[in-house]
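Two complexes, one shared chain (subunit A), two partners (subunit B, subunit C).
== the complex of A and B ==
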């Protein structure tokens, strides 16, 4: 545990000694605010809620979280430092979890720094802060799932660009799997329970439920188990690469 | 060779473990979807998504089985993500009902395939068929009981998600009831009338008919017959003394009563002789209200700038269309404490009630009854004259309004009462010559009520109108709930009153509204003066044009053409000045909005950039120091 936290701390601090982290933060914060105020018509609609803010989160996170996570393993593999890392007295699990936690914490910082919108909506009216808190929980969990996905994919390639593109595409598929676009591929030939299962893997469905103020057990299980699965695959890939 | 084998087996183990993990992941989620449906935290302030105690009570009280059939077309569900998500919630809630009812509720999920028997059934129940593809898609609920009672929700609308529990519990509650209670409506407003100009009764009557047997009581009644659970009196401007006496004696004998009075019934009939006036604008129910220890202030209408509803004005004489708060139209909102009586079951669960030009109720000193306010304005409330309300000029009201404190617009009257007819029953109405009408004899006089009365008086009738109930979604129309709660409360029932309005609270930007209101007041005199001047210049121009035989200013003598040019110029100037004033009125709002945009879009990113620079400089300085120390050491 201590080793894992040490790795997480090192990785986390590592973000802030390059300009990249600041660029990500600025892009995320500006994009989120611009989307809320201009595309979401936050001020024009005069409703004291953060629907215009959260409705763009899936798309923002879909692009930015792969950008944060794409270098998690590609960099180690490209520079060869993965061999060095594996000679250290740390297990693959500790390394995978440590790196993931650092990136997830960074995503958390991104979300925390959107606090002015919460202050603004409370200054303008009396919003339901319980719903807002649930929305943040949803965003944080979705960010975690996208980072785990990117981390897993970044272990397969030495190219950050490839890791980024594949992660965005895979994330997009998970995002829209509850929509007709994807379900149409299954309806007609697959049994109904399989269609239901595919639909229940939609980020969007679970995220929408959370942003409406329901922290459902099934949504939490979905995100946590998905993160667990992806990290496990991530670990196996590293193990294989190490062995190879 | 061994290492090759070892590698192969490691690869196999890794791939197998990944496959196993995926299977485990699928199983966990399948089980979670099936079993954790009800496990969730409802983070909303009003616990909108939790099953309430009232629902539990209704389900526990069921004595006879009820069958609920959900018709859900999988084609419709699969085509629409929101219906897919919502249907999951509906199914989960229905299963919860099944469990909570101890088996009395039997739930069945039916996929009405095209051209099947199930589809025929769905159509025969008048379920709404959404046609998004080739086949009709159903998402409706049918409830039946053992005595052939049928309740139908034709389509479960996703937009009404927050009212889902109410819809379902109401269905179960109605199916469990053997008999609806009877309410008689004494209708002075025409809410039940169907004639050439009004092709259907008001929606509020339809809404009440879902919970009560609604019976029209003819206005010339001389006695209230047995069998009514409550009488609802609406705008009683023309009740004969014998009718008033009958009503009073009904109450004296323990009858339940809800009264809607109004100093300015805006939705009442227009005068046949003057289209700008109402035929019978006000109703006071005198002398009964006096005997009950309550009065509605004569010829005065309640107004409140804090609760005023904006209406659209302008669009004429060069002025822009704009929204202006109209003080006598008020929207009472749960967000402002003290408007709804939190102790009374009628008002405690309400979120928003809209009233138009209501009256001000107050107790008469020395009354034997207790006066309990149900709906009250804020402390910035006050009254304006009925004549001013009749003129319906928002600017005039804004300029002349003087706040005088909170006004009560609905109240409950409880306690003993004395008769308003100590001299005995008034004479029966005269039967017109030739008419075959026989009036029933009046009831025997009772001078004091046999038990404490329980009357609800509401000083507005416009709240019953369709346009007020549904016209302004932004303000959350809960008028129908208020009316149903009031009637249900006097008849003794309280179940479902709390459920009735568990819809999300309408939350708006109060601060921007306040800023806008202040800016409007500050510049309004000047703007009105300019508009008047503009209208005057236009009139003068028209008069000049009229002097020309062909209506063309160009054909007028030179001096008049000069005058017309000056007037035209003045009109352009005034138009610009009016626009400038309107821009000034918007200026503060614009300033606040752009300030908020800057704070949200720029502030934190700039701080992040600064932090980045500080970290970079600090690291550079630290590196330089380190190198310097190393050089010194070397």
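== the complex of A and C ==
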């Protein structure tokens, strides 16, 4: 546990060594605010909730979480430091989990820094803060799933750019698999259980369930087990491919 | 328990059809510095990567302080320090932060970490760069950070892959001094393709080629495999040379006398012993008895280069 936290700590501090992290935070906050106030016509509607804010989140996270996670393993492989890390008395699982937690914590900070938006709605009206809290839980879980996905993919390449692009595409596929547009491709010819299966993998479906305010247990279970599964795959990839 | 600190047993590592390590066996005891030699691509780094648990062996295994690297990798990893080839580090950290990270992963308490870092920083002369980012450091300093990392927890076993590669002569000297200073209390493996390092730091040398051990012995034994081992070089005048070739050639201990290059009316002779025996004494006596004036006379120790080439060329032909 302590060793895992040591790895997480090193990785987390690493985010703030370069100005990139700050640039990233600003981009995240500006994008979140623009999305909320501009696309959501937040001010005109004078609606005291954060529905547009959270509706935009999946797409913001889809692009920004791969950017947070893309260097997790690519850098280790590119610089060769993976050989150093994996010959320290550290298990692969500790390394995978430590890195994931660091990136997830960074994502958490991004979300926490959007709190001024919450204060703003509370100042403008009296929103249902329970719904808002559920929205944050949903966003945070989805961010975790996207980071775990990116971490997996970053273990396969030495290039951050490749890791980023593939992660965005893979995330996009998972995201839209629940949209009617995509499900329409399957309905008609595919058996119903397949359609349900495709839909059940959708980030978007689960995210919407969560953000609608009912903390849907099944969606939490979905995200948590997806994260666990992806990290297990991540560990397997590292064990098999660490030298290549 | 008197088992060796490092034991490599029937180790094989294949990459597809490439047998990078092919049935390697050796062991290293406490107090021994083992030079691990071989041409590029011989399998030195691969062997080290398997011993340190970075790569799984295809067959066979390695033990570090009695811990099988396949069965109990964490216990084995606690006991060694490792400098991978090229000394990869976390470039965005400072040496101080980096060493602290290493100490934490090795579960050292804060006071133990502080003391250990102070010790290695002094030993490796890292004081002036302690707070600079590693990626901005010179190659020499980076290598020293890599070495500091490897010895931080004062391990029983040190595995260093080409620790002097790419360093200038002064830096090479420093690193060799460091290795020698630790040689009594630890078991150390250093890989190198610089043969002078064998005489400088090693108690024993293992030469591998194409993944196989082709020679294992002390530096002296290695020198002894050179045809020139214990031969005597002389410089004499042209006239004396003819006479000397005759009298020395007649001695039963002498295999043959070779004429080498001549210049300024002087000829270089090389007197080769039979079976590598010591003949310098006898050659000296013979020279004096014949009243021959020599401008230079010395015994050869045998060039490791020749031995190295002989054992590695031989094996590649098979």
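Here are a few things to note about the model shown:
Going forward, the second predicted complex is superposed on the first by the 232 of 244 C-alpha atoms of A that agree within 3 Å, B and C clash if a C-alpha of one lies under 4 Å from a C-alpha of the other, contacts with A are read in each partner's own complex, and residues count from 1 in each chain.
One rule holds in what follows: a contact is a pair of C-beta atoms (placed from the backbone, for glycine too) under 8 Å apart; a residue touches a chain by one contact, two chains touch by 3 or more.
Since this is a predicted model, take the numbers as computed values, not measurements.
Once the two complexes are overlaid on the shared chain, A:161 sits clear of subunit B and of subunit C alike. After overlaying the two complexes on the shared chain, residue contacts for A:195 are found with subunit B alone; subunit C is out of touch.
Using the contact criterion defined above for the overlaid structures, shared-chain residue A:17 touches subunit B and also reaches subunit C. With both complexes placed on chain A, subunit A has more residues touched by B than by the other of subunit B and subunit C. Once the two complexes are overlaid on the shared chain, A:169 sits clear of subunit B and of subunit C alike.
Of the two partner chains placed around the shared chain by superposition, subunit C is the only one that A:86 touches, whereas subunit B remains out of contact. Of the two partner chains, subunit B is the only one touched by A:29; subunit C is not.
Contacts of A:6 after superposition on the shared chain: subunit C is touched, whereas subunit B is not. Shared-chain residue A:221: touches subunit B; no touch with subunit C. The interface of subunit A with subunit B overlaps its interface with subunit C at residues 17, 243. Touching subunit B in their complex are the following residues of subunit A: 16-17, 19, 21-22, 25-26, 29-30, 33-34, 36-37, 43, 46-49, 113-117, 120, 123-131, 133-134, 178-180, 183-184, 187, 192, 195-197, 199-202, 204-205, 208-209, 212-218, 221-222, 225-226, 228-229, 232-233, 236-237, 239-240, 243-244. Contact residues of subunit C toward subunit A in the complex are 49, 52-55, 74, 77-78, 82, 84, 86, 88-93, 97, 101-102, 104-107, 149. Every residue of subunit B that touches subunit A in the complex is listed here, in rising order: 7, 10-11, 14-15, 17-18, 21-22, 24-26, 28-30, 32-33, 36-37, 39-46, 48-49, 74, 78-81, 84-85, 161, 335, 504-505, 507-513, 593, 596-597, 599-601, 603-605, 608-609, 611-612, 615-616, 619. Interface of subunit A with subunit C (complex): residues 2-3, 6-7, 10, 13-14, 17-18, 79-84, 86-91, 242-243.
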